[in-house]
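Okay, here's the structure, questions in a sec.
Chains here go by letter, A, B and C, matching the order in which they are written, and residues are numbered from 1 within each.
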């Protein structure tokens, strides 16, 4: 893609998510879609983290653990210590990144299904810890978390107080979408940087990469830490929206869904997790009318799509392009 | 906006009705207006039984009322339309479900079924004027400043003490052991139960034993507890699927004391899963035992069975929520699209309880537990399982 | 203490049988079958219908469970997994397919068999009871049957022609193909066998623990853990993993009960530490 085309598509995307979607929602009165799309944005941030671990050749089924951790860090700081939500957001991410360095250093040596299983177990460990630790309030969860307050720098209010708004839903939508845009921009930058190229070499052959002098342990831990940072941020915002967090707020099911979002969108594409989350989550939502057949239809469609596009939805573009060039 | 669109709908209906009357004087009726009542809860996965018994109770009743020509609230007769949303026991999805209900213009929702879901939907319900009836026990949902949730059943901290007291006085229980799944709802219920037992002066010999909810074989969990020889084993917040397995494992390990729980169970599940080993198992039910069920309750069970092939005894407690909504709306038609009116009506509302023999009443209670009337009054029927059916042990009340 | 060990052994025998089918499919095709637990549930419901509802002998029911699942497994391999593996750039993509089929089974089972927990009459009545040890006869019977099935499976893999072919396939797919093994055919047989094992163990255990439509997912996850402990794709590893997990649960729940809700936390944490030290489990292939 040329520079101009790239810039044009980026601004088109930004225009859609920041202007067109809210306008359409207001015009049609479908305000329930704010939350649906907020969820999509947040879940796609967490899925982006999982995608990044795929990028270094690891199947990560542990993102739920970091989302839960992030949610609790933010909730505890806000409720017990009165810290502003806006400060807890980066802190939650950093806490998860730090934890993931400690956990990741030993377990990133594992590969394939072993890594997948250890991270799956990690999700369950996080849930059990949340039940057992005193600071998380255990089984009773943390409820009645206040909405995010105002954010002002040098006396200038940048973000108004959510609690004072008539509908915080639009505010949460804009927050989530902003975070999503930042997250994917960072990912795109990272993947196309020198480090990204090195990571890709890890995905293909770790021994070779290490033999040409790449510090693979360091690279892997960094990628995993970034991945967990995303998970923590997404979890923190979810806790703020639901104004509550329980040990069961993020479970093994969520971890598996994050992974499926990546597969579904396409592992070979940076924007795969975003599209995958959108289609999988929205698809479920759209099938809400079908009542008890919802899961049946949903899973059947998933199998069919998988049969025709096993490399993810975004591989459709490649397929069409290939077909086009064959014809031409 | 709401009232305008309602008025215009009424006008439209009137015009249409007049047109139809003119066109075919023989068939002189107009289509009823629709009243949507929502459900947000779990109808798939391991806990599917909880929400499914809710949904099916509501759908059975709705079909019944519609067959009888609808429900008259104020001047208008409505056909009921039950809108259901499966939250898959995920609090994040429960929020989406509640948003959907708001979008559909629904003001009365039954569910969610678990603590985390009920807490998560609270902001949405309060922002959109929705009254919801969770089957979750945390007091923070029902105490001020919360005001939109109405507990749809009897909480374990209300039924537990009554059961323990009864068993102390009538069965000579002295030592109690608790076992719970390692999840929020059961653990909270266990803590409540332990506190209640201690307050009554019972000796609690086991209170830390837990199991993973997906456990299929409970012998390892129960072996050390059975060795302590308690008089009463309390299965706190036990899932209906796990109850027969726990009972069977305990009995086969030689446990001879009593077993009880504070949640509703299904007799068929107990019979298939534990057979005669489940005899004497004590649980909390609604109104299906023959001693107390009215003819209307019996017809409900019949209709439910006809519609879905098999009755679920958990529905005995879940039959009430929809009737509470409808009866309160009848008493205060302005509440149709203004839940503040509903809240006002709750303080004084009273109607006969159609599911129970005698002159029991439908009222809102909970002043003692929550400081405001945010609980439906259902009879606290404590059952004992015997050879495939429940027998009433005693009936209590909550205020 | 005898009781704790007996519980652990019984638990281990059933876990090992659950893990066998999963590890077989993994060994042959590098597919982590997320639908394994759902297959188990389906097998349980078939036995429930044939033995519990229709009143036919238990053996017939068990056969019906095994056969049905074998057919389903073969069809899944032929029409779903084979296609996706062929067309996909990364073989992990089959995880999405496996998860989708797991959802599909969940939906079908819930629609057909309902949301309730189901059980069947006991196959053997009575309880074996001495001073220190209590074990119901039906558990002993099921435990023994599980061990018989495990032994039969090992012998079949060791000495039969298809068994040898499958082992060759598991060791090196390309080499096996070059040596004239009909790779596609044996992949299908292997998948069918894995599914059949899931169906049989589901049918066996429905007599003890019953079955309900929602337990498929948790069972899959438990089976994954056993396979990881022992080492993925190795028959011996799956058996060892099953027994180890069974014993850890039984002992842990007794020893750690005083400390509250920590037993599984300790088991999981130990599993993570163990795998960090031995990245391929007890005896797994180096490249899981």
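Criterion: a residue touches a chain if its C-beta (ideal position, glycine included) is under 8 Å from a C-beta of that chain, and two chains touch if they have at least 3 such contacts.
Note that the structure is predicted; figures quoted are calculated from it, not measured.
Q: Contact counts by the stated rule: is the higher one at A-B or B-C?
A: When B-C is set beside A-B, the one with more contacts is B-C.
Q: Select the chain at the greatest separation from chain A, using centres from the mean of Cα atoms.
A: When every chain centre is compared against chain A, the largest gap points to B.
Q: Between chain A and chain C, what distance separates the C-alpha centroids? Give it in angstrom.
A: Each chain's C-alpha centroid was found; their separation is 32 Å.
Q: Let me have the rounded angstrom distance from the C-alpha centre of chain B over to the C-alpha centre of chain C, please.
A: 36
Q: Note the residues in chain C that touch 2 or more other chains, in rising order.
A: 106-107, 110, 217, 221, 260-261, 264
Q: Could you say which residues in chain A touch two or more other chains, in rising order?
A: 128, 131, 253, 292, 295 - these are the residues of chain A that touch more than one other chain.
Q: When you check chain B against every other chain, which residues touch at least two of them?
A: 43-44, 182, 187
Q: Residues of chain B touching chain A in their complex?
A: It comes out as residues 43-44, 84-86, 88-92, 95-96, 99-100, 102-103, 114-116, 119-120, 122-124, 127, 138, 140, 182-185, 187-188, 191.
Q: Considering the complex alone, what residue numbers of chain B touch chain C?
A: 43-49, 52, 182, 187, 206, 208-214, 216-217, 219-221, 223-224, 240-242, 244-245, 252-254, 266, 268-269, 272-275, 309-310, 312
Q: Which part of chain C faces chain B closely enough to touch in the complex?
A: Contacts found on chain C: 3-4, 7-8, 10-11, 14, 52, 106-107, 110, 114-122, 127, 129, 134, 136, 139, 205, 208-210, 212-215, 217-219, 221-222, 249-250, 253-254, 257-261, 263-264.
Q: Enumerate the contact residues on chain C facing chain A in the complex.
A: Interface residues on chain C, with respect to chain A: 26, 32, 34, 80, 83-84, 87-90, 92-93, 95-97, 99-101, 103-104, 106-108, 110-111, 217, 221, 224-225, 227-228, 232, 260-262, 264-265, 268-269, 271-273, 275-276, 279-281, 284, 287-288.
Q: Which residues of chain A touch chain C once you look at their complex with the stated criterion?
A: 54, 59, 106-107, 109-118, 120-122, 124-125, 128-129, 131-132, 252-253, 256, 259-260, 263-264, 267-268, 292-293, 295-296, 298-300, 302-303, 306-307, 310-311
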